[in-house]
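Take a look at the structures listed below.
Heads up, the next two complexes both have chain A, just with different partners, chain B and then chain C.
Moving on, here comes the complex of A and B:
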């Protein structure tokens, strides 16, 4: 019985994701690229809403992985394969796993049945909607100068820029990451006798 | 129309994801949920940066490199943030931020 419910839920989720893609492809006469981008964007927004609204925090973490994966797909369609690969390795491979481990370490047994949101959830929702509207109004209202068709940045050029013009930044970020990891180990380590 | 070739579409998408992250940060009670919302916001900004890099020729390579740097800094932030949450959890035995009221009493 439960398995059927899960199947129906999966079918509904798939329909929600594929419907905008099909609308773009058939009704609005977009290309296959447009349909792909529309589907990925819908998946990303739906997974993002699931991250902030679901009650079970483990499921929030898994929805966050879906959100990051569709974002990597958007990076590929934007012509930045290097950033997409780094997204999969860093966010899905490292940060999500770290967050899932932290969830397992910090959940209390009875905590999940209690309230998910603060009392300020309604003002927070209003503020979020205002931010989204403001950003899109600003984006559509600004002229961005010479906007071209998609540029695809080949990985070899990214590598040249990274290791020639930006090598100081790269080293600085490496030192920052090392310091953060050492600091994290220091903060999370158990005190003696505690 | 060309949805895939529209800079404003990607910027709007990024603004929506940022708004979702803002809502989660302001409204959730669990400290780890708040950290996840911060990750969503960082990803939204990254999407905007990559979109600018893809559509504006003078930013072509800078976009990808800034996005990579943001990812590294986000990894550092997640490490320290989760370590702080675990350290607080060890003392207070709860992940809910509205019960961290030691400095208000």
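Moving on, here comes the complex of A and C:
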């Protein structure tokens, strides 16, 4: 009986995610690229809502992986495979897995895994919707100019940008990471007496 | 390329000093002496290098500006001036910290090291010529601050303050970055000069700005307002300041604040200069709320650290008055803002140093009661505290008086020149300064006219602490009495971007 419920839920979720893509493709007459972006964006938003609204923290972590994956898909469809690869390796491969492990290792066996700090959900939701409306009004009200071809973001161009125009930023990020590592080690280090 | 490296010399030296402190602590762990020698000596070196770089690269009068790394880094009079202030702030903080840290069993090496890294971030902000450099530099400055706020690990308040500071700080950084992305999208460049050029073209074109650009600028303003703790973006300040170890609070109340103002100068004055008339309104509103609310809440505080935290919000408001006067066309407003930054750093660090000195013994709180009878118990400390508090109030002949007079006069001049709103802002600033006298002088009353609750013996303070206090108090008086030579430097720095 439970299995059926899960299947129905999965079908509903799949329908929600694919509907905007189908609308773009059939009703608005967009290209497959547009449909892909619409589908991935819907999936990302749905996964994002799942991250903040689900009660089980492990499921939140899994939903976050879905969110990151759809973002990587968006990068690919925007013509930035390099960024997409970095997104998959760093955010899904390293950070999400690390977070899941941290949750598993620090969680007490007994006791609730419920999040307890969702006390301002309604005002936060209102603020999020207001900002989303503002951003979309601004984004749609601006003429961004025509992008005739895909932005060139092959590895060689990324390398040129990193090591020519933005070499100072790159070096500064190195200093930033060093400072962060020192600070992090100090805060995480166990005191001798404790 | 060699010239690029030369222009970046002070920054590279500062990073080297931080790493040298790390190596020293590895070589001789837990020793205070070597850490102090290396960090303070290194800071002197950085200061000297900053001066010579400013002279050699940017020319004697400092108005020449030199671009390095394809315009990503700028050396001009402002860079030199701000770098020197940052070096001074960090040097004072390191001098004032050892006594307090020792009493609580906290190490000095990590403290100095992380502080030095924060300084490198601030120095990078002061010379940023690219919005991305600006953002990474901002992170480099504030990230060590989060860690310093939680430096007292076994103290729950310290951890709580650090987490609040970290969450809201990261949040505001994200908002700032979002705004930066929109600005980049609308102008097609991240270089400050490029953005400024694109905006000037848009303003000259006469049409309305693109909505995305307006949103981007709004996000940028919000992010910066968080960093300077302007009302209504100030909620993190009191908890972060009260929870932090006192020397850290002193640093947090000046270092990141002056750094954020450096960011404002590079971003709003340099990049968004063509839109001056538009952001003038925002600055006026922020200034009024920041001054008034900071002072009103400070009136009701019974904890000196928390009181100084709210008063630092009020001081942000006074500095914004200078910015408003500059946006209304008075270069004096910019000079006043820079002078205020320097004067405020010295006197506020001094006041926090006295609070830290009183907390020499672990467990002593920073409540107002602790100050009762201090005039009899430790007369010198009480006299110095009185001097710093008078300066913070703005009573002549201290630096605080001159700084307030400078920004308010600039605002009055702008008011006479037709910007009525800025003139009204000057009046509000004067009323606020008068109201602030109440809570500053209340501490003086407690020190000299209240009987202490219990008879505590006077505490011994290190020579370093006394030396730092003497230098800070001398600077407070000298900057107020003979501001002439200093004003030349300030004027040069102001003309570098506003002339």
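Please note the rule applied: the second predicted complex is superposed on the first by the 167 of 194 C-alpha atoms of A that agree within 3 Å, B and C clash if a C-alpha of one lies under 4 Å from a C-alpha of the other, contacts with A are read in each partner's own complex, and residues count from 1 in each chain.
Heads up, the rule we're going with is that contacts are C-beta pairs under 8 Å (C-beta built on N, C-alpha and C of every residue); 3 or more make two chains touch, one makes a residue touch a chain.
This one's a predicted model, so the numbers in the text were calculated from it and none came from an experiment.
Student: Under the stated touch criterion, which partner chain does A:175 make contact with: chain B (first), chain C (second), both, or neither?
Tutor: In the superposition, A:175 touches chain C alone.
Student: Taking the superposition on A as described, I'd like to know which of chain B and chain C A:102 touches: first, second, both or neither.
Tutor: After superposing on A, A:102 lies in contact with chain B but is clear of chain C.
Student: So, A:77: does it touch chain B (first), chain C (second), both, or neither?
Tutor: first
Student: I'd like to know which partner A:143 touches here: chain B for first, chain C for second, both or neither.
Tutor: So A:143 only meets chain C here.
Student: Touching A:60 in the superposition: chain B (first), chain C (second), both, neither?
Tutor: Only chain B is touched by A:60; chain C is not.
Student: Tell me the contact category for A:24 with respect to chain B and chain C: first, second, both or neither.
Tutor: A:24 contacts chain B only, not chain C.
Student: Thinking of the overlay built on chain A, is A:166 touched by chain B (first), by chain C (second), by both, or by neither?
Tutor: Both: A:166 reaches chain B and chain C.
Student: So, does A:93 touch the first partner chain B, the second partner chain C, both, or neither?
Tutor: neither
Student: In the superposed model, which partner reaches more residues of chain A, chain B or chain C?
Tutor: In the superposed model, B touches more residues of chain A.
Student: Which residues of chain A are in contact with chain B in one complex and with chain C in the other?
Tutor: Correct list for chain A: 134-135, 139, 144, 166, 169, 173, 176, 179-180, 183-184, 186-187, 194.
Student: Which of the residues in chain A come into contact with chain C in the complex?
Tutor: Going through chain A, the ones touching chain C are 134-135, 137-139, 141-144, 164-169, 172-173, 175-176, 178-180, 182-184, 186-187, 191, 194.
Student: So in the complex, which bits of chain A are touching chain B?
Tutor: Residues in contact with chain B: 24, 28-31, 33-34, 36-38, 41, 44-45, 48-49, 51-52, 57, 60-61, 64, 67-68, 71, 74-75, 77-80, 82-83, 86-87, 90-91, 94-95, 98-99, 102-103, 105-108, 111, 114-118, 120-121, 123-125, 127-129, 131-132, 134-136, 139-140, 144-153, 157-158, 161-162, 166, 169, 173-174, 176-177, 179-181, 183-188, 190, 194.
Student: Given the complex with chain A, which residues does chain B contribute to the contact?
Tutor: Residues in contact with chain A: 1-5, 7-24, 26-33, 35-37, 39-40, 43, 46-47, 50-51, 53-57, 60-65, 67-69, 71-80, 82-87, 89-90, 93-96, 98.
Student: Show me the residue ranges of chain C that touch chain A in the complex, using the header's touch definition.
Tutor: 8, 15, 18-19, 22, 68-70, 72-73, 110, 113-114, 117-118, 120-121, 124, 130, 132-133, 136-137, 139-140, 143-144, 146-147, 150-151, 153-154, 182, 185-186, 210-215
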